[in-house]
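Each of the next two complexes has subunit A plus one other chain: subunit B in the first, subunit C in the second.
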Partner chain A sequence: MSVFVACQRCGQLARRVATPSMACPRCGTRLFLRKPASLQRTLAYLIAAAVLYIPANLLPIMHTATIQGDEDDTIMSGVLVLIHSGSWPLAALVFFASIMVPILKLLALSVLLLAARFRWRDHAHALGRLYRLVEFVGRWSLLDIYVLTLLVALVQLQALATIEPRAGAVAFAMVVILTILAARSFDPRLLWDPPPAGGGAR
Partner chain B sequence: MSRLITCLHCDLLQRLSGAEAEAGAAGVVHCSRCGAELLHAHTGSADLPLALALACIPTFLIAVGFPLVSMNVQGATVATTLPGAIVALFRHGMAFLAFVVFVTTLLAPAAQLLFLAGSLLLIRFRRGAPHIPLMFRFWAAFHEWGMLDVLMLGMLVALGKLAAIAAVVPGPALWAYAGLLVLMAAQRTTLSTHDFWRLSEGGRT
Partner chain C sequence: MSDAEIPEAHTAVHGARSRAWLLWIIPAVAALIGIWLVVQRMATHGPTITISFRGADGITPGRTVLRYKDVDVGTVASIRISREGEITVVADMTRDAEPFLVRDSRFWVVRPRISAGSVSGLGTLFSGAYISFTAGQSSEKATHFTGLEVPPFDTEGLAGREFVLHASDLGSLEVGSPVLFRRVKAGEIVSYQVDPTGRGVTLKAFIDAPFDRFVSRDTRFWQASGFDVSLDSEGFRLQTQSLAAILDGGVAFESPPETTLEQPADVGSQFDIFGSRTDAMKRPYQESQLYRVYFAESLRGLSAGAPVDVHGIVIGEVARFGLEYDSKKGIFRFPVEFNVYPQRLRERYLDGVEQATVDSVKDHRELVNRLVKAGMRAQLKTGNLVTGQLYIGLDFFPKAPAAVIDWNTPQPVMPTVPGGLSALTDTLGDIATKIDAMPLDQIGSQLLADEQALNVAIKSTAGLVDHLNSDVAPEAKRALASAREALNAAQAALAADSPLQGNLSDTLKQLSRAAQALTDLSDFVEQHPESLIRGNRADPQ
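Let's look at the complex of A and B:
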């Protein structure tokens, strides 16, 4: 195959040598023609994220205790509360970051995995753009975790109101981290690789 | 003059020719096959990115050390800093969440700023060249996990939610974060990976 390997971290082009492990001559990052076991790793992270997606959405992420009574909030009910209190822009933002982005990410990564596995080269251009989009928006899902962190720290007014984190938030944070790891271990260059007959490096 | 470059997204080896190939020329080149950014070069020395990176450090310290928000409820004032909020999460038994928030909002941004400023200082004063590759790798690794922009948005959402139940006053740290995001964005627009290595290899202009 190719004579050159590009460093994924600094972009340096290096002449390929026949040693088992090779480091970038400029920045020292280990060089691989393709990320090792890319599809297997991505699939493993993706399955773990999909499983945790269920408790992340069904379990409450926070518990509010006020003088009027106790209340458990899931991610979705948190969005509904924002809508009822009239904060449309905030509700839309949280809905997008916490509900749309994770589900679209799970779907997009599944499509990318299938495309790389079965070499749908005809759509490589569009899929490559999809991958860059997934990489870019994935981190924004941690939004709800930061909101929760601040609410928990501030709303500790003994008799009046307290907010406590609940298990759903842990599952949700794990979904976000796992999908970020899945996107990182996916190698977009696989989308462009010729069908296996050409000597694949899968 | 021409040079070879590989697209990191689709692995197509291509030859740059003409103006883009000159070391020190400014411009953006996209991959001819997949359209991803192939090369993003700026002109100029290490001075501006270094100044911006250094300016981020005290701003970050203010953002971490001062209260983010304070809240007035029936005469009592509650305030929290970011480290305080992380400790509160930990005390509620959410060690994993506390760890995630700690890494993405404190450790990674701090390490990223220090390694960037450190390596730019070495480049600017032409010292310690052997240490630059390692510092670059640390910077790049932490850079991926720093999520201050998301945190900023999260703080605004939290402010919006709290405003419904109490009088909320944005603290000094909130303004520091806003400033920090502007500084970091400015720094990113003055220095790409390509520029970093051009400058470290002697800053030909």
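Let's look at the complex of A and C:
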């Protein structure tokens, strides 16, 4: 084990001391060599996200009441509407950002978890890039929610047209947030940690 | 920076207690939320139903909604076409809709309907058609329905009452046509169907509250469709209802003025729809007496419904007329039957005058008997010289031959007199007939014969005159001359200075003296009657 430990918050490097828990000498953040219970935490978030992914896609995220009638839209029906109206690029973007990204993130995090758990060190480099990608792309999935909040706020034309969020939006937002949390609680350093002497996972 | 400059980590204030188990609350909560959302979704997700329609115009899977009282309670999931070409719409209903999906629930497609009277389903212009339905009364659940092609009228939950109307034909009425009360829209036609017998149309009208209380048992309904143009003995009349009704048709109703609202009609009461307001309002007179009359003149211009009046007051109307064969006389007769509504006459009595009491049929008959005795007769009159429309007038002809009414038949025969104009025609006809019957030829030949005889007479007369001239006249002249001579002689004899006259005068004087002497003698004899014996002596004294 190394002699130093880096602060995750301010980057301050500190010399390890033999206490049960350490704190950053500069900002007071608690210092860990590795995030405690990283894998469990990630797994917990991951499961929660996976569970909510189902209602997020099945339930309508948006209720549109216009003089044309009332309509409930799920993410997928929104994509279909865009396809029918000929907006292929937009449909592709929404499909990618709202359906593919969350599921890919879930898959990627699962792979990372497995890799960390079972020390697939041969692919540590590729896995590290995967992790960075997941962390980067995570917030973009909230694009949908962002657009929805804007629509809900703006389209309040009473009788003419009203848009309301529906339960699916809540589930979807929670999926995105949970995957972000999962990615954050995952400690990528586990990917390249050598197998412990005892052979068990940390 | 060397290793020595790297500070030591501080000791954290809090102990590093392991709370890893708390992490698992997160997926548990997530699962709960997920389950809750799904359960909530499932809770509002009701049964799947199928509805068969003849056509799927305007129905789009996933878009077309099902509405109950304008609330979305389902969505069309798919449309199937059977091999027979029947359209079956599969719809996912919400749980809210479940209680209304019973065996006799009715489904129909709502499309925009624009008529002069109303615009409905306007929302569907933009949103496309939707499927609406009404809940049935049955308690039996159902999942398959047959859609209606014509939207029914949902009266459920509306204040008002439904009535049944009968008409001979639909006219321009249709579902949704207005029902007007004093030209205010009071309801609408909710359904119609041809009677099972095929002899008319039965309509259902829903009258909204508060107008429904104006429907009493003897309320009259009539077709207010468009224009009511009539041409009869009263001339040309045009009646219209509201503009919407003109364009769209409708039914109007009104109660006769004497009706009180204390007898509101029951729900589902049956009424007839009359052709016009006049027809409708004519009928409240239940008390009526049918009479039959036989007119000698042509009935051209008379029509059923033509008025029967007394001095211009309409008291009845012609019911029908036709012809009958009198086998005894071997001729056709043309009976006209008319109704008299005594009530109408009664209404016209002014206050404070003596009224004929016609409280019963018997009274009525007695009254009519008296009137007929007084000379009341039916007469065919011309109401309109231009159109030649006829009506029946009851008038008094005291000189008419006596007649009595036989009340023992269902249609007592009212005695008639020829009508005014036709009476004139008749008289003229009579004269013509009489002239026609004169033996003019005979008279002519007789005259000719007479004339010849006359000629002979004239000739002999002429001979006589000639004879008179030549023979009699000179003789007469002579006679006259001698007569004059005689007269002249007489005159001369009688002249004052004529000798006859002088002699006569002397004679008369002598006679007068003789008379004087005689008088003296008689006086003397009276005073001295003895002288007759002794003679005249000197005065004794």
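Going forward, the second predicted complex is superposed on the first by the 198 of 202 C-alpha atoms of A that agree within 3 Å, B and C clash if a C-alpha of one lies under 4 Å from a C-alpha of the other, contacts with A are read in each partner's own complex, and residues count from 1 in each chain.
In this section, a residue touches a chain if its C-beta (ideal position, glycine included) is under 8 Å from a C-beta of that chain, and two chains touch if they have at least 3 such contacts.
Because the structure is a prediction, the values reported are computed rather than measured.
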item	value
Subunit C versus subunit B on the shared subunit A, clash or fit after superposition	fit
Contacts of A:L151 with subunit B and subunit C, given as first, second, both or neither	first
Touching partner for A:A161 - first (subunit B), second (subunit C), both, neither	first
Partner chain in contact with A:F4 - subunit B first, subunit C second, else both or neither	both
Partner chain in contact with A:L52 - subunit B first, subunit C second, else both or neither	second
Touching partner for A:H123 - first (subunit B), second (subunit C), both, neither	neither
Subunit B versus subunit C as contact partner of A:A44, first or second or both or neither	second
Which of subunit B and subunit C A:R132 touches, first, second, both or neither	first
First (subunit B), second (subunit C), both or neither touched by A:L13	both
Subunit C, subunit A and subunit B - angle at the middle CA centre, rounded to the nearest 10 degrees	100
Closest approach of subunit C to subunit B (Cα atoms, Å)	5
Footprint overlap on subunit A, where subunit B in one structure and subunit C in the other make contact	4, 12-13, 26, 28, 170, 174
Subunit C partner contacts - residues on subunit A that touch it in the complex	3-5, 12-17, 19-26, 28, 30-31, 36-37, 40-41, 44-45, 47-49, 51-52, 54-55, 58-59, 66-71, 77, 167-168, 170-171, 174, 178
Subunit A-facing residues of subunit B, complex	4-13, 33-36, 68-69, 71, 73-74, 76, 78-80, 84-86, 88-89, 92, 94, 96-97, 100-101, 104-105, 133-134, 136-137, 140, 144, 147, 150-151, 153-155, 157-158, 160-162, 164-165, 193-194, 196-197
Residue numbers on subunit A that touch subunit B, as the complex places them	2, 4, 6, 8-13, 26-29, 82, 85, 87, 90, 93-94, 97, 124-125, 128-129, 131-132, 139-140, 142-157, 160-161, 164-165, 169-170, 173-174, 177, 184, 188-189, 191-192
Partner subunit A, residues of subunit C touching it in the complex	3, 6-16, 18, 20, 23-24, 26-27, 29-31, 33-34, 37-38, 40-41, 62-63, 65, 72, 123, 126-128, 130
